[in-house]
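Each chain carries a letter (A, B, C and D) given by its place in the written order, and its residues are counted from 1.
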Amino acid sequence: MNEVSVQEADFDVGAETVALSAGDDGAGAVATFVGLVRGEGIRAMSLEHYPGMTEKALAEIVEQARQRWQLRRVRIIHRVGRLLPGDRIVFVGVSSSHRHDAFAACEFIMDYLKTRAPFWKKEETDAGARWVDARESDDTAAARWEGAD
Amino acid sequence: MNEVSVQEADFDVGAETVALSAGDDGAGAVATFVGLVRGEGIRAMSLEHYPGMTEKALAEIVEQARQRWQLRRVRIIHRVGRLLPGDRIVFVGVSSSHRHDAFAACEFIMDYLKTRAPFWKKEETDAGARWVDARESDDTAAARWEGAD
Amino acid sequence: MLKLLYFASLRETLGSAREDLELPTGIDTIAQLRAHLASRGGSWQVFATSKSLRAAVNQAMAGGDAPVKAGDEVAFFPPVTGG
Amino acid sequence: MLKLLYFASLRETLGSAREDLELPTGIDTIAQLRAHLASRGGSWQVFATSKSLRAAVNQAMAGGDAPVKAGDEVAFFPPVTGG
């Protein structure tokens, strides 16, 4: 099964979560994350990416997570195109024998995805369209994994 | 909606995850955890609990999580009775505006549930039935939240 | 009267899930109640010998110093293993 | 020949998503390529003025010292904001 998908289509959170442990009775722990478009005066959001590099960057992040923790299955789905408030943007799911590895890897993947995978968000507001600025807090979140665990 | 359920029945992971953000466009982040029965020479597992205290203990853990982080919705489902390898045992889901709060609260709730909620597991193996011993690593995991974040 | 509950391996060790106990004079804490139960001898000595046994008073975790009084619900059980 | 790609706000600033560039002599690194592009003037000066602009060579993040050679795919873009 493909670990990484970049797609316009929505995804089935339940099916993706269940697939992380289906048929694997060594998987005692599944941690997942879903990121959604928040309202906050936003009418819509458009996600652009760098086809080719995106998939490589995500696969590289998964590889790094596998080197740090004992993982069984990993799944990343990131949507691109135009999304509305409440729409799902990203799914990250990790299965492991033990919960700490699943939690840590899931958060690590999100932190690295936020700072290393070539996606860009443009918001449509009542005042017009604007590109979302990168946030320093995301750099800080990613940096704390360096030397950790 | 009830935040805490203790039940024999299985649950719908997808529906529970979706419900954490449905109709709330301020929810930008949903973190979930599913714990499952691992095989490892186990034929089945029976979960006993202390009705009344269990629900209070879980509600208290949710309350503590809400005091530590900015959370929107929280959901805990814990199954009791006889379960087979691969069966789901527990679901913890948290929604928040931001991912760090969702991740931290979800892991905190699991760590505290493991050490403070009155559930007991009995495994059925080929060599007979045995009560599962509490693990020191669970105490360590719960203790690290004291004074943290 | 005290409502006493025993769970999991302790329930099996004692062969009892619950009992109603007329609270004897001089028993005001969990520690004193444990000593009283241990004095029954046989499998009840687990209340003296087990260091890991936990207690709850009225469905909240309680240490040895926790007060017990008539009308309370007191539970004893091994360390929890849920999740 | 170099394949150049521009993304997001940079693409809009330049009014260009991609171009094929005959690599001028003396340009061996990302930093030199940036200086060359900035020398076009107008909106291209963003390559000199923007501190946050990122680069990738053959789809891997690259710093200013990273070598570039004919046949490479080089991309420039603002800091990423996915997730």
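Everything below uses one rule, namely that contacts are C-beta pairs under 8 Å (C-beta built on N, C-alpha and C of every residue); 3 or more make two chains touch, one makes a residue touch a chain.
Please read these numbers as outputs of a predicted model, since none were measured by experiment.
S.K.: Once the contact rule is applied, which chains count as partners of both chain B and chain C?
M.R.: Chains touching both chain B and chain C: none.
S.K.: Hop across touching chains from chain A and tell me the fewest hops that reach chain C.
M.R.: Tracing touching chains, the least step count from chain A to chain C comes to 2.
S.K.: With chain centres defined as C-alpha means, what is the inter-centre distance between chain A and chain D in Å?
M.R.: Comparing mean C-alpha positions, chain D is 26 Å from chain A.
S.K.: Just give me the whole-number Å value for how far the CA centre of chain A lies from that of chain B.
M.R.: Spacing between the chain centres: roughly 22 Å.
S.K.: On a C-alpha centroid basis, what's the spacing between chain C and chain D, in Å?
M.R.: About 72 Å separates the centre of chain C from that of chain D.
S.K.: Please report how many Å separate the Cα centroid of chain B from that of chain D, as a whole number.
M.R.: Chain B and chain D have C-alpha centres separated by 48 Å.
S.K.: Please output the residue numbers of chain D that touch at least 2 other chains, ranges allowed.
M.R.: Each of 83 in chain D touches at least two other chains.
S.K.: Specify, in ascending order, the residues of chain B that touch 2 or more different other chains.
M.R.: Counting only residues that touch two or more other chains, chain B contributes 35, 99, 110.
S.K.: What are all the touching pairs of chains?
M.R.: So, checking each combination of chains, I get A-B, A-D, B-C as the touching pairs.
S.K.: In their complex, what parts of chain A are in touch with chain D?
M.R.: For this pair, the touching residues of chain A are 35, 47-50, 52-53, 56-57, 78, 89-90, 110, 113-122, 131-135, 138.
S.K.: Contact residues on chain D for chain A in the complex?
M.R.: 5, 7-9, 52, 56, 59-61, 75, 77-83
S.K.: Applying the document's contact rule, which stretches of chain B touch chain A when the two form their complex?
M.R.: 12-15, 17-18, 21, 23-40, 85-86, 97, 99-100, 102-103, 106-107, 110, 141
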